[in-house]
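What follows is one structure encoded as structure tokens, with my remarks underneath.
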Amino acid sequence: MTEVVATSQTIVVVGGGISGMTAALEAAECGRQVLLIEKTPTLGGRTALLYRYFPKLCHPTCGLEINLRRIKASRNLRVLTLAEVTKITGTRGDYSVTLKRSPRYVNENCTACGACGEAVEAAIDNPYNYGLSKMKAAYLPHAMAYPQRYVLDPSIVGTPEGAKAKAACKYGAIDLDMKQETLEIKAGAVIWATGWQPYDAAKIQPYGYDRYPNVITSVEFERLADPHGPTGGKIARPSDGKEAKNIAFIQCAGSRDENHLRHCSRICCMASLKQTQYLREAYGEAAKSTVYYIDIRAIDRFEDFYKKVLGDPGVRFVKSKPARIAEELQTRDPVVHGVDTEGYHRYATRHDLVVLAVGMEPSVKGADVPHEIVADSSGFIESAASGGFFAAGCASNALDVNRSVQSATAGALRAIQVVRKSDRVEA
Amino acid sequence: MTKEYAFYPGCSSQLRGSASNYLTSVNSMCATLDVKMTPIPDWNCCGASIGYAGSGELARHVMNARNFALAEEHLPGQDVVASCAACWLGAKETKQKLDASSQLMADTNEALKQAGLQYKGNTTVRHMVEVLIEDLGYEKLGAPVVKPLEGVKFAGYVGCQTNRPFGIAGESFENPLYLDKLVETVGGEALTKYEQKVTCCGGALAFSEPEKSQAQIKDIVESAYDQGADMIVTPCPLCQANVEVYQADINKRYGTKFAMPVAYYSQLMAVAYGATPKQAGLDGHVIKPTKLQEIAVKVVPAKK
Amino acid sequence: MAEPKFAAYLCKGCGIGERIDAARTAKIAEKEGKIALVRQHEFLCSAEGVALIGSDIEQQGVTHVAIAACSRRSKTEAFQFPNVALARANLREGVIWVRPDTEEARETTQEMADDYVRMACAELKKMKLPAGSPERGCSKRILVVGGGISGLTAAVEARKTGYEVVLVEKQAQLGGWAAKLWKRVPEREPHAAPVDTGIQALIDAVTEDAGVKVYTNATLAQTSGAPGRFNATIAVESGSTAIEEIGAIVQATGFSLYDMNRLPELGAGKSPNVVDQAGLESLAREAAAKGLPIRRPSDGGEVNSVVFVQCAGQRDDTGRHLPYCSGYCCNTSIKQAMYFKDANPAVDTVVIYTDLRVPGNGEDFYRSAQKKGVTFTKGRVTGVEPSGDACKVSFRDLILDEDAAIEAADLVVLATGQVANAGVDIDNPDATDANGAKPISILNLNYRQGKDLPKLSHGFADSHFICFPYETRRTGIYAAGPVRRPMDIAQAKEDATGAVLKAIQAAENAELGRAAHPRSGDLSFPMVRLDGCTQCKRCTVECPFGAIDEDEKTYPVFNESRCRRCGTCMGACPVRVISFENYSVDTVGAQIKAVDIPDEFSEKPRILVLACENDAYPALDMAGMQRNHYSAFVRVIPVRCLGSVNSIWITDALNGGYDGVMLMGCKHGDDYQCHFVTGSALAKERMSRIDETLKTMALETERVATYEVAITDIGRLPKLIEDYARLIEKIGMSPMKGFA
Amino acid sequence: MGAMNEQALAKYTNNFLREVEERVEEGDWVKMCMQCGVCAGSCPFGPDWEHSPQKIFMMIRAGKRDEVLSSDSMWMCTSCYNCVVRCPRELPITQIMHGLATYAERLGLAPKMNPTRKFSLQFWDNCTRTGRVNELKLVLQVYFRDGFVSGIGKFWDMRATGLKLLLARRMNPFELLFPHRCKDAKGIQAMLKKAYEIEDRRKGFAK
């Protein structure tokens, strides 16, 4: 049974991505008691699945390492993974938060030696590669996973595979009898940092994501370029593993569209510009990128990066929202159809691979937040009547990493303002 | 028990019309399914999308509203069901516009008064296919099958106006699947990868600029061949006519050897339900749907 | 602290027991490591194992613990012993997981393990338990520089958190740019129409709050000290000065509008009917005050047609204007077009843009403007020629792909950009800003390294870090709002709120004598033995954070609460008088010496790897986790930053018979990834000088190699090591063996 | 209209846009276009157009009144509604195209020789005369619209098809003598007359 100490001075942060970690750390490093809740088995969130950041092309795991070290060093911060918030009642300074905790089937004895992973044969889709690869059903989510502890997929519990895992563990770390539990904790303030999810590309029917293997999303492309990814960093296309050197990047795939997401997702333009450089890095002169766009939104000094990419002879820009994608029957090459609106030129261009710059929608839509809140029509959180509930990062708006961290830091301060009030009442 | 609808067959489907065999097969199909279609008395043309240059906005709506008014009066409580894509589209658009604007409603009734009619706004507009899928469902549609269309490969050509802008609930604009499901329901083989299923046949230009529409039709038929289709099946009389009738001209124009039969879903169902070739309107084709013919003439022991 | 007592614990779990002769290694810890208490354990991180260590600390008064088990990055929760010095030998990720489990590999693997234990013991002996900096600032007041919307927000948020505020504003009134606006872009749904700026409420909140000391018409004459003990000398226009005790600083000095008079080709200065966005706001305010529609400045005539020119003097690649995008201008022009449309839909408003940049819900604001009849034309404006009371706007219509013109616009609004008020460029004090003005210092810091915050690019005092946007190079001073990056009001408010948290954190850290990011909570701090100092000034020049000043005799003056504990000063010091209690020239030096160097006939070279603990070391760990093998001849020592590497370590190693030294640090240059900004760059530079030393030692220059590595290099690092080992094999064993 | 013509010549003023909003079916949607071009790429007859919808919308904003209204582009629309279902701004593009064509026709600016224009007019005339379309008459009208000789020629070209249709009983000479008709054709005429009258009033056409 999980033991959690929380009082009305505790700040509960929901979501262990970069926004949640930041909010939790900044508050904790101001001397506040913080409980960080994460739904999955590991911290890191969506940025841990990116290969590089724009505009520096540095690696997200580099910042993650620092944040994890801060978490390990912090006396005030407690992390709870595999935990979901099902209910929040109360008001500013006095909340009661109900948590559903799913079993990991692995206890703190785990040394991450990997014996169970070797023993088990059953494989499952690897969610950390968006299902582009398989992984063992006893697994360490990824190399930077925290807590650094294995997880058993529920599918093998109660099967011979589960038994294999248990048998393989010398340290009694595997506990097949773990059950889901419900916890209720107190909190003075809540920071909601549940982040974003990519818009379901299959809904954008003209682009045939559900029909053509060589039409993928921008988040999947990040995995293709990542050395930890399904191809070990080789930019190869799904249908035949052929090196994809001629790639179309389609902007506003779901964003700025009354039929899909009404808002602009802000990051997609920069993400595609960045990804053209992955291609450059991988294939040099042979790399051919075409960016189909409505407006390139490279705001503030991101413009520098845009100019750099504009100067890359391997990258073409076409001002057009493509009408549809067709597939060449034999080669399975995607063919992008549309009109370049700068002077009205029609095109039907063949590519090795199409990357849809999918839009950003809140992972937990406003309506599904288990608390009374005000959200906009896209589901981003604006405020809560109860006064001590704040949104941070992409739960609050379509933001890039830098702005998410700003938002999370601001959120931490607002939460501190609440709990210090409740110190006073109790003091 | 019998389902009843106010039937709006439309000009092309009427007796001696270019799609009269569609009507024939629909009647046969409905008889089997115990669906009673009562034509709206003295119904008139919807004006179709192509009539725009002369019609303007209001006149078009008034034409459709007249049919609604007649249906309200003579067939109260019954949904207006169109079998023709254009009629359905035109009627449905009018219905939406009138619902949305009291102004337009008033203007429309002011005009209708001249014909001694009034539209109260209670009509619901449906497509024959909606009736089949939504009111009966695939299971019911499969039940009466006595001659499954085994071994016949169908390219499901949905076309434009049955599919856009309204379409059938739950289906996508780019890749609707209901036609394939109907084919499978009656035991045929649906070529689900047929990628021309929603390509426009250029109907509106068929007469005025045949070369343009025939270029479209060529792709539609060609890809049906590529997929190994025995015939094309469609829910739209205009698509049927265009895609079937001009194959000879296309052969002349492009040196192709097209002879791809184009049938209605209703003909497939009628045949599968045991209708004679005549009842299924198979005699109404320029390119004979031989495979259907063969099945239709087969004698099978009546279902117990 | 009591008499130090040392203990070493050797874990045999995770296969360590099977792969190495633990008994032998334990004996080494005892004999060579000179550790009195040495224990072996099957599963040291288990509750029972941890309890064992705990009881030794309790019962036997153990003060220094060496743990030979997994990496220092693993099992950190288990191996946490307050007030105990801890050294860890990485036998799992660092040894058995990077070595093949074969007979022939057994011996070298064992030697690897033995050495890491020797190193841990040696390090431990030299370690002291950090006590925290004695320099404890006591002030927690927040100084806010700038009284615009960012500064006012900062002040209000700081007060809400219970901290006192001193606010300094150059102008006579508070409010800054926001006070000059008629209305602002909405922040919330419906994003349909301009809304009130809300600036007055902020001004009132600040002026009515006794906890905020407001200085208007005032500037900072000098800022001295450090977080927790800043002294701000405030000069008021009247001539009076005041000195305030400050804990931390938020610099919210905002921006100046790019001077439209630099854009004569766009009609600026040629007609009063050509205005910038600020100009239009004042027209709107005047009109609103009179309750009249906006009139044409030239003759007070009716305005029937307004043209908005986006990116005026922005996104420029001629080098004459601003190269960047200011981000807020598209929404502002949309808002201003609405001023006209909401008052009178008959007025024509055309926005000419190349890329319309309205991220997030700005899209709704854009749609709303279109609904109101604001028209948008994708085009590039080539000229604005005033004639009489009208202006002709010529442009290239990029959609219709033709040259076009709007013959008679009554008003032309130029969307010029933001130029940061960030003070002097400390790297280039004579530089002028984008408006051609010579900036005057804002903070007037008396820091050795300059008067203001270092600038990042285009004159903005932004942070270079994506994950840590508030980490500037001056601890306890945080830039917020448009001084940091071009931004709109909504972002500025959010930014200011975050900056206040960081300021509060800095003040609190200072009081506890703890480090700030990225070594948050670190109690160690640099200590200098001044009697040995030669006043060479390297430390004061090279400190990436300007933490070290100089006294009149040019001796270094350390300001611990400005320091980030990277150790760059330690690496810089030629006479090695700077160190930390738990990280010093000796703790590392001792590890280097502890390694057993086989003679030159053994064919067992020894390669020292000094790896940045932030990226290179984790990468090596992860290589181990993936069981990527590498040479058994390397001995890896994690360092805080490559900048902390003192060349004495290299020369000692080479004198001691090591055959090669690999330095692994982070990427440097424009897109540097060093968490201490310049550490890896400095190391690179220092090592370029080591070639000389090598020559004098008659050693090949290849024996010292510096690498830029990233945390993702799990595949590349083992390869680098293998290649280097092969290279050493090629150039042969070091001739220096056996002399040390 | 003269005055309006004059004004509309002043480019990039919103006069023509306003005219379109007032007088063209769904015309008030034109301003909502964001020039993404998805309509242009979605049109099956795009390659035949001089101007794509999105470009026409831009031309309207640019005040290119005559170029737009005399263009034959709108007449290429086959009402396939591809553009409508894909438009990210949900513009009823098909209706706007028809609306512009209709408006051009009313102003007498539509390209006289455009075959689809003629067909469209004939179709409407044909179906409103009796309330139902007389396909055979319609076809003959189409063939003979450019005079008897060319008509014979076209008819000759199509004789095979025609014959097949006759055999398939999908075209019937009786239609010429005893065509389908609504019983209340009169009523229909009357109500349509009224409809035109009301629309003229609403859209402010001088009568």
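The letters A, B, C and D name the chains in turn, as written, and every chain counts its residues from 1.
Everything below uses one rule, namely that a residue touches a chain if its C-beta (ideal position, glycine included) is under 8 Å from a C-beta of that chain, and two chains touch if they have at least 3 such contacts.
The structure displayed is predicted, hence computed values, not measured ones.
With contact taken as defined at the outset, chain B and chain C are each touched by A, D. Put simply, the chain closest to the centre of the protein, by Cα centroids, is A.
Farthest from chain A in terms of Cα centroid separation is D. Taking A-D and C-D together, the chain pair joined by more C-beta contacts is A-D.
The distance from the centre of chain A to the centre of chain D, each centre being the mean of the chain's C-alpha atoms, comes to 50 Å. For the pair chain C and chain D, the distance between C-alpha centroids works out to 64 Å. Distance between chain centres (mean CA atoms), chain A to chain B: 47 Å. Centre-to-centre separation of chain A and chain C, using mean CA positions: 23 Å.
Chain B has residues 173 in contact with two or more other chains. Contact with two or more other chains is made by residues 356, 378, 399-400 of chain C.
Within chain D, contacts with two or more other chains are made by residues 34-35, 54-55, 82, 85-86, 89. Pairwise chain contacts present here: A-B, A-C, A-D, B-D, C-D [touch as defined].
Chain contact summary for the complex, chain C toward chain A: residues 13-15, 43, 45-46, 70, 73-77, 157, 160-162, 188-189, 315, 317, 323-327, 355-364, 378, 398-401, 457-458, 460, 462, 464-470, 485-487, 491, 494-495, 497-498, 500-502, 504-505, 508-509, 517-518, 520-521, 614-615, 618, 622, 625-626, 666-667, 671, 673, 675, 710-712, 714-715.
Of all residues in chain D, only 25, 44-45, 48, 76-82, 84-86, 94, 98-99, 101-102, 105-106, 110, 115-121, 123-125, 127-128, 131-133, 135, 138-139, 142, 160-161, 164-165, 168-172, 174-175, 180, 182-184, 187-188, 190-196, 198-199, 202 touch chain B in the complex they form.
Remark: chain A residues 205-206, 208, 211, 324, 326-327, 329 touch chain B in the complex. Across the complex, chain D is touched by residues 11-12, 14-21, 42-45, 47-59, 62-63, 66, 107-108, 110-117, 160-161, 164-165, 167, 173, 199-200, 202-205, 207-209, 212-213, 216, 241, 245-246, 248-249, 283-286 of chain B.
Of all residues in chain C, only 305, 348, 350, 356, 366-367, 370-371, 373, 375-378, 397, 399-400, 404-408 touch chain D in the complex they form.
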